[in-house]
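What follows is subunit A paired twice: with subunit B in the first complex and subunit C in the second.
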Partner chain A sequence: MTGLDLKPMLKPRSVAIIGASRDPDKVGHVILQNYINAGYSGKIYVVNNKADEIMGIKAYRNIRDIKAGIDLAVIAIPAEFVPDALEDCGKAGVKTTIVVSGGFAEIGKNDLQERLVQVARKYNMPTLGPNCLGVMDPRSRIDTLFLPTYKLSRPSVGGVSFVSQSGAVGSTILDLISSEGFGLSKFISYGNAAHIDEIDVLDYLMHDDETKVVIMYIEGIRRGREFLEAAKRISRVKPVIVLKGGKTAVGMAAARSHTAALAGDAQAYEAVFRQAGFIIADDISELLYYAKIMESEVPPAGNRVAIITNGGGAGVLATDAVGMSGKLKLAELSKKTIGSLAKIMPSLVNVRNPLDVAGDADEKRYGSALSLLMQDGGVDMFLVIALFQTPGADSKLAARLVDLKQKMEKPLVVVSIGAEYTKMHRIIMESGGVPVYDSPVDAVKSLAALYSYYTLRKARSKSNV
Partner chain B sequence: MALLDYIEAQKLLLKYSIKSAPAKYVSTPGDAISFANGRRIALKGISNKALHKSKAGLVRLDLVSDTEISKAFSEIKAIASKFAPYKILAQQMSTGGVEIIIGGRIDPQFGKLILIGLGGIYVEAFKDFSLRTCPITRFDAEEMLAELRSGDVITYKGKNRSGMINLLMKTSKMLNDNDWIQELDLNPVIVKPESYDVVDIRVLGD
Partner chain C sequence: MTGLDLKPMLKPRSVAIIGASRDPDKVGHVILQNYINAGYSGKIYVVNNKADEIMGIKAYRNIRDIKAGIDLAVIAIPAEFVPDALEDCGKAGVKTTIVVSGGFAEIGKNDLQERLVQVARKYNMPTLGPNCLGVMDPRSRIDTLFLPTYKLSRPSVGGVSFVSQSGAVGSTILDLISSEGFGLSKFISYGNAAHIDEIDVLDYLMHDDETKVVIMYIEGIRRGREFLEAAKRISRVKPVIVLKGGKTAVGMAAARSHTAALAGDAQAYEAVFRQAGFIIADDISELLYYAKIMESEVPPAGNRVAIITNGGGAGVLATDAVGMSGKLKLAELSKKTIGSLAKIMPSLVNVRNPLDVAGDADEKRYGSALSLLMQDGGVDMFLVIALFQTPGADSKLAARLVDLKQKMEKPLVVVSIGAEYTKMHRIIMESGGVPVYDSPVDAVKSLAALYSYYTLRKARSKSNV
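Then we have the complex of A and B:
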């Protein structure tokens, strides 16, 4: 571990909330309420300099009065009192802290932030923030977000860790993740990055076995070269998908060289992400659908796609998307596969790739086609279009696809386009571990990202960079 | 930030075995004619006050006869006198290839960056370039070429790929070794199926 140790922050045995309040409008109240709602099973301490008891929990005037080991202190008090509270945490032997409060460097109060950093360093006490949402870990049931659970749905348990500089973008994406077909490992909102920054977070997540995929929202980085090294380290072992805010910055005005005119700040960030082997997302939806495929899929052996569809038009769109991806191609089916398919498919089915199993296809026809195609060594990945508006497609098809997916050793994604009835089946398939997309283009882009990431990772490890 | 003298810049490139078109300062039309010695040359007015030579009207290309050379010399002299002090550079013409740009700059966050792209008059029009932080590895150089839409054109469908990779790696080393370089343009570099010529150099430094 090269960075600061964040384990006591994400897997704390005991938590103190400094600034916990009786007033439901106060941040400190929501945080305490959320701890209770989330079912956190460790010890909760409450610190408030006026009250004796909050929500039935005994309140201490100062953290130093607690006289017990504390893994994490969450600080939600006005900024000017934070350095002293942090000093008290240090003296009380607190292992890690999260400063939720704003009012530091983001409004020009650099001195106050510098004092906070000095205290954190003095006690070697990893400190997250200030001006952040803190952390969430659905396994340890830790949730320091000051956003009520009825307003912001919490994601289920899974393998995706989400790192966000911004609290607002962070909580929005978190809300969206809760309705996506993948679960959360950790959420870390690091705000002003005064002490713990993105490098510490990446190093921690790299070694965290519960994290399979990392998604990141970044606006700016301070330790540029060290970031590149940390980014390269983690990309070698797990995929990182990055969305960068603030891309519109253009090249330097009145540049003296062509190079400076072409390559501005935004281009420099993109170059660093590419050099590190990150997957670059252009917007929030790309961030989510790349995360979905990366979490559930195995590395593909190659870039040859087989398409199976119960709608001709959707198959054409998917074929076009494969052609335009520049990375994937349509698989050429073996003579043996074609022969076997011709025997079992109805005569109206034209046996080729894309395979249009026709509008009346049911789960049996999909099942027999996929079972044959799975055996074809010329196919590396599957794009299955299942349109639930057709007569043959119902819950049995959704269940059959989940079943086939579990037997599959190759990547498989499903495209289902439609409203309420389709959404219901999408949930069935996604809870069974099948990534489902609304459009053939998004599905193909995701398969291409999966292929590119693993191909580059392999090439990098070969050339040892 | 100042512009490094052209001949000094050539010497710097040569230390990293980056070849540029043979060039020499000339002070009279006669100097230029004897430098040409029957071959095609270019004449360029060089001044710290006119970083964009073509835009300032300080470049004359493809000169061969004595009269062409003399005429171009006096035209450049007339314009360059407005940007004094100046020098006039005679350079052997390199023609017929694909024009690319190789460049560098210092990013406040990530340090030295290296760039390759379609060059010459196409730089602004197509903005087809790729970028990395220095030093680059061979893998990075390969990736940079693969990212370009014009990759196949620049490498002649792979024929000159290893030449371009070597050029990128040498430039990266030069940028990395010389902290004082703030900005670099090798633009254009004329790429041919089996070789290349750096035709214009701009090194800005402390």
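Then we have the complex of A and C:
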């Protein structure tokens, strides 16, 4: 491990909240409340320089009064008081700190931020922020977010870690993850990256066994060369998906006034991400699509896709998307597969790829078609379109697809488009480990990302680059 | 009106269902049930050659036995019997028919389809299909879809008409529209386009006052020159958004076996759509995004966008999207606007465009900022990012945005990203006529489509092309 050790921050046995407040409108109140709500089982200490007790918990005037080992101090007080509070943390032997307060370099107060960094370095005390949302780890029930749970649904436990420079983008994506079919390992919002930066975070997550996939929102990086090295290291063992804010001249100017990031030249960034083997997302939605497939899918053996659909037009759109992907192609079914399919499909079904099993297809017809196609060595991955508006599609179909997926050693994604009835079936499939998309284009893009990532990783592991 | 008259099909005073059945698994049963459920107030007749009564309604053995004026006959019987049933309709003086049955040109039975066309022509009886879902008109409560309402939520009444060659794409999009912030005028699924084709439909919708916007899913057109003329005619008076299936060689082959469409050369189609002034969508989601903005927004005076956000990163992403759109640009705020904003915004707020009103912004801060920006002549449209995870954003903010939007003569779209709490607020805003998007990229694409459509339309009306 080359970077700063973040374990005491993400798996703390004790947490002190500096600036905890009994005023429900204050950040320090919401953070304390969220710790209590999340069921954090470690020791919680409360620091407030004006109170003796907050929400039933004894309050200390200064963290140095606590006289106990503290793994993490969360600091939520006005910027001007932060360096002194941090100094107190250092003197008290606190292992790590998170400064959620804003009012530093992002509004031009570089001196104040520099004082913060000096204290963090002096005590060798990994410090996250300032101007950040902090961290969340659903396993250790750490949650320093100062956003109430009724506004921001918390994700379930899973294998995706999310690293965000921006607090707002971070919180909206966390909220979206809560309704997606995958769970969260860690959330780390690092804001101005004054002390702990993206390199430390990547190095930590690379070695974190709970993290299978990393998604990142990033506005700028400072240590370019070291970043590329860290990025290459992690890409060799787990997929990293990145969304860059500040890709245009106007966007870069906006990023500068947001996280004080030097957003730099967009093409240079893209080159770095590509060299690193990162998967590049162009929108928030793409971050999530790619995370979903990367978390649940095995590496494909090749790029040949078989499409099964109960809606002709959706099959045409998916086929177009394969044709336009530039990476995938339609699998050519073997003569044996075609012969066997012809025997079991109704006469109206035209046996080809895409295979339109017709609007009245039920779980039996899907099941027998997929079982045959699974054995065709010319098929590397499956795109199954299951439109639940049709007469034959119901929860038995959803369950059958989960069942087949679990028996399969090839990637399989499902496309199901629609409102309430469809959403219910998406939940059945996603909780069974099947990634479900609501557009053929997004599903194909995700399969292409899966194929590209593993192809590159394999090539690199051979050439040892 | 040059094409076939579709009014008796969409506003029928009487409907006969040929092939109505008491077997709940039969298409004819579901169609009849849906008519009853939808509350259709005209006269319903039932034709079944084996029954005297179906679901409490007297059944006729043959449509010719009815001896009453019939505006629309819906035919749901096996393909081989369709031409004779159509002949009976002609003899009975039926005004229009819909053939939902499949088993014609799409599986190579061109002769059977040709017979159908001959009968339709002989009686000058506009006939939709075969191999189609039929039509829906929530105003006249016409609903020939043979998909149960619990599986496919029906949209509310509105100004968007949707024309689909494919039944499955049609039904999934209808289902999606039911949960979007806009309503439906007409749904027309025309399948094999044997008699009524897309040209007849466009000409009808052009003159239909209930239709403000048309969205189309199309796999192929046959009468190219006439199509272009019809497309140009309608584009001059209302926006048409088109999604083409069969854009690649593999997709075209798939389309051929789906709706018997000669999907033709993709670039040729794109050229036709562009010449026609159509808005081109690349995915199902884009069809809906564009429909939403086109239905609710006024033409913009120019392409200068002001962005207001309570989340810095989301503002950066929106700014990037504007920079990459190639069509829009960031508005330069006037000195007067900047001076006035500086007076009323908190000191942490950096007065610029994008305007980050900060994470604690409430409806008052948004309201005062927007009120000032509305008066700036250098701003043509607004992109308001309202992240409801933040402490200051609640239903008062949603209501305030609706209120300001209604006072405004410039386009305004909102971006709100998140799960349940956010969705609740989307509903408040969308039911107040504010288009809401869940990604900055999609919102910017939609504003760009709005600007491009009206710019082209204005240029054409001047040059009289």
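Here, the second predicted complex is superposed on the first by the 450 of 465 C-alpha atoms of A that agree within 3 Å, B and C clash if a C-alpha of one lies under 4 Å from a C-alpha of the other, contacts with A are read in each partner's own complex, and residues count from 1 in each chain.
Throughout what follows, a residue touches a chain if its C-beta (ideal position, glycine included) is under 8 Å from a C-beta of that chain, and two chains touch if they have at least 3 such contacts.
None of the values given here were measured: they were computed from a predicted structure.
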Partner chain in contact with A:Ser257 - subunit B first, subunit C second, else both or neither: both
Touched partner set for A:Ala459, first subunit B, second subunit C, both or neither: first
First (subunit B), second (subunit C), both or neither touched by A:Glu420: second
Contacts of A:Pro78 with subunit B and subunit C, given as first, second, both or neither: neither
Partner chain in contact with A:Arg225 - subunit B first, subunit C second, else both or neither: first
Touched subunit A residues, subunit B compared with subunit C: C
Partner chain in contact with A:Tyr217 - subunit B first, subunit C second, else both or neither: second
On subunit A, positions contacted by subunit B and by subunit C: 257-259
Residue ranges of subunit A in contact with subunit B within the complex: 220-222, 224-225, 228, 256-260, 262-263, 265, 267-268, 270-272, 274-275, 459-460, 463, 465
Subunit B - residues contacting subunit A, complex: 1, 51, 101, 103-105, 107, 109-111, 113, 115, 117, 123-124, 127, 129-133, 137-140, 143, 147, 183-185, 187, 202, 204
Subunit C - residues contacting subunit A, complex: 25, 30, 102-103, 107, 146-148, 150-153, 164-173, 175-176, 178-179, 217, 219, 243, 245-251, 253-255, 257-259, 282-285, 309-317, 319-320, 322-324, 330, 348, 350, 352, 354, 356, 359, 387-391, 417-422, 438-442
